[in-house]
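Each of the two complexes below includes subunit A, the first together with subunit B, the second together with subunit C.
Showing the complex of A and B:
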């Protein structure tokens, strides 16, 4: 069962990058599978910061590889809030 | 000498995005200028009218290109795609060291710039600004984005000289081919619409005022009741090609660029100079190696500002006398700034191809201070072999382009 966070992150990626929902699964690599590049990642982080109200540190950004990594980072933040 | 021909055109304009739409608006003498309800909340604007391109959905441009494009680049991209399609050039011919690009705009991505500035000045600061914003508003955003989208690996010459941005781009492309640096040049320009343009020209007393309720009558080049320009948006793109190259591949040739000149007044930042305008027209004629009497039509810059039209008419009279038909299409379009020079060159080509010279719109009573010229009061059928398109910009930058029928 998908968490609310996972659903919302998927929606944001689908909307922002015009992807098919079925292609945006937790195991997908942002760069290799979804074919995003560094500019896209920066804009995705910007959208997520707007959505969840926190700031991604640069060291956090470098540890994001998959859709699942983003969801994990956000869920950790939300649990500590 | 290498000859330069036109093998494709494309545009977005306030009077239509196809030749059929434009022709219909010319026939009805209908302008693309309307009241801007979108600006109702903007304080202090005297001129609340503008020429608007009827196009809001740009989803046909793939997202990975569109993500760094402001409206100014998207209109240019669609125009250039149309021009390339018409030219019949394939991907290998476009993405080639002998193919270059020259495109301009006056302002870059103004819509994005203002939204970015508002966000930064607000509570967000730089914390949550998109990484792509600068790429949408930088001064060479059009040329940079088109180069990526179309895979340009030859020369790329962005131009940014306000009202001559796209005519200088055409000139840069023409000279690149003529002097052997390229075989194909994709050229043109674009401008997006923003209320700040109306505000800027309002503050210089250069906009048409008192016409917010009658936008069709607002832009009136050479008319005694004109009181300024109407801001507008749009883009124009042309494929320029070396004649032998076009002939070898069996391209349909739409016309030839027979001459071009650019020059500078070196005098006043806003006031035009009759001498500078006259010089640039004479230099273009010299480049084309033709006599003024061979020009069958002049597309005037004439923006409908009180002084500019007078100076231009005097300079034109000095070069041509009073026998050459002349009109400005800004009565229909308003002033497309960075897109104007290219669109007006395309319209000059259209008139030459169709042997139909388009009349000045709203020229009800000629300003007596304007020089004696053959101002077109109604559309005129005329088989012309050469036409001239003139554009003049702040800073005293002048261009003149001569087209030849093919």
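Showing the complex of A and C:
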């Protein structure tokens, strides 16, 4: 079953980049499958910072390649908060 | 036609061994043979019959009146007949070349092709007129060998050149496009090559001397070569930079530029040094490009990693270039902005410099690599005063404010 974080991250990506919800699954690559570019990923990080109040430079050090990577890093951040 | 090539050679050989009468007889025999062949093949057109007919008549005349000048008249008269034929076509506006070309191409000609072919009749009147005069000169003043050489081979060469000129005229747009592309891209490659040779050596000297940021000297040389490239590119009349006085040389900025053509990258590189920018290449550059790309400031990273690197570079005093529209504009209007560049500004507390680029889409536009045929193009880079996000202004509002400012400046400038 999908966690609340996963649902919300999916919603943000769908809203921000006009994607179909069924296309935004945890295994999807941001660059190859969702066809986001570096600037899009900047936008996404800003939106996530606003949503969860984290600071990406501290909390998102490792590379994010898939939707699942984002969810994992946010869940780790929320669990440590 | 190929058979008639032998006329002159055989006539001159027979003349050298047996005199003018026998040369005339040989010419007459060859003419009769050719004429019979053409009639047997049911070819009754002027271009098929004129050559053997003249050979028969002139050969007979030379046989009875042994003067070599009669044989010399043969190519002159053929040229004269064709001159009159084309002259008549121009006067009566009945253009035989249209039918010939359609037969050759096996399709009807387009309107433009028909216009071009009609015009080319005048060209052929001039070509045939000059050819007739050359033949006349050889008849009156040339030796037998000189006459034979021009009549056998010289005029073929002359007509070959004329045909090349004719084809160049008909295909002038294609040729002109090739020429522009070779000029534009050739100059670009040449500029890069020169910049690379001098830039890399200067880079290593800077490194040996332990100068900070040795890539700056490389980018300075590249900038100089890019300005040279733009000033001398096909169609460019003027290259100009309008830079706000508020931009300080000793401060780093995030340059936010409007985007119309791939040429915008080298154009920005022509004016800003110690510059870093993003790439959307998902895989790292090939080894032979990696070194140059790094010196040119291309960030070897994507997504959040690229954001880390750019922040680091800005804090280290370097400049960053971002095209916030994400792709090139087709009509020159500024599209919607992505927020990333503005988030970078807020995070790093570094001002953005809005940059308006104009003219590059008139050289190479989106969707094509062909250099366009525009002339007197002014390439202009307008750097507006630096802007910073206001206190409590969010990223989207900041991005929208800068976009509105750029649209207003673009409008004022155009007015």
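Just a few scattered comments:
FYI, the second predicted complex is superposed on the first by the 77 of 81 C-alpha atoms of A that agree within 3 Å, B and C clash if a C-alpha of one lies under 4 Å from a C-alpha of the other, contacts with A are read in each partner's own complex, and residues count from 1 in each chain.
Keep in mind that, in the parts below, contacts are C-beta pairs under 8 Å (C-beta built on N, C-alpha and C of every residue); 3 or more make two chains touch, one makes a residue touch a chain.
Being a predicted model, the structure only gives us computed values, none of them experimental.
In the three-chain model built by superposing on subunit A, subunit B clashes with subunit C.
Once chain A of one complex is fitted onto chain A of the other, the partner contacts of A:17 are limited to subunit B, with no touch recorded for subunit C.
Within the superposed three-chain arrangement, the count of touched residues of subunit A is higher for C, of the candidates subunit B and subunit C.
Once chain A of one complex is fitted onto chain A of the other, the partner contacts of A:30 are limited to subunit C, with no touch recorded for subunit B. By the touch criterion stated above, A:46 is placed in contact with subunit B and with subunit C alike.
Residue contacts after overlaying the shared chain place A:78 against neither subunit B nor subunit C. Of the stretches 164-172, 236-244 or 398-406 listed for subunit C, only 398-406 runs into subunit B once the two complexes are overlaid on chain A. Applying the stated touch rule to the two superposed structures, the overlap between the subunit B and subunit C interfaces on subunit A comprises residues 38-40, 42-43, 46, 50. Residues of subunit A that touch subunit B in their complex: 17-18, 38-40, 42-43, 46, 49-50, 55. Residues of subunit A touching subunit C in their complex: 30-32, 37-43, 45-46, 50, 56-57, 60, 63-65.
For subunit B in complex with subunit A, the residues that touch the partner chain are 63, 67-68, 127-132, 135.
If you check the complex, the residues on subunit C that touch subunit A are 278-280, 282, 302-308, 311, 322, 324, 326, 338-341, 343-344, 347, 394-395.
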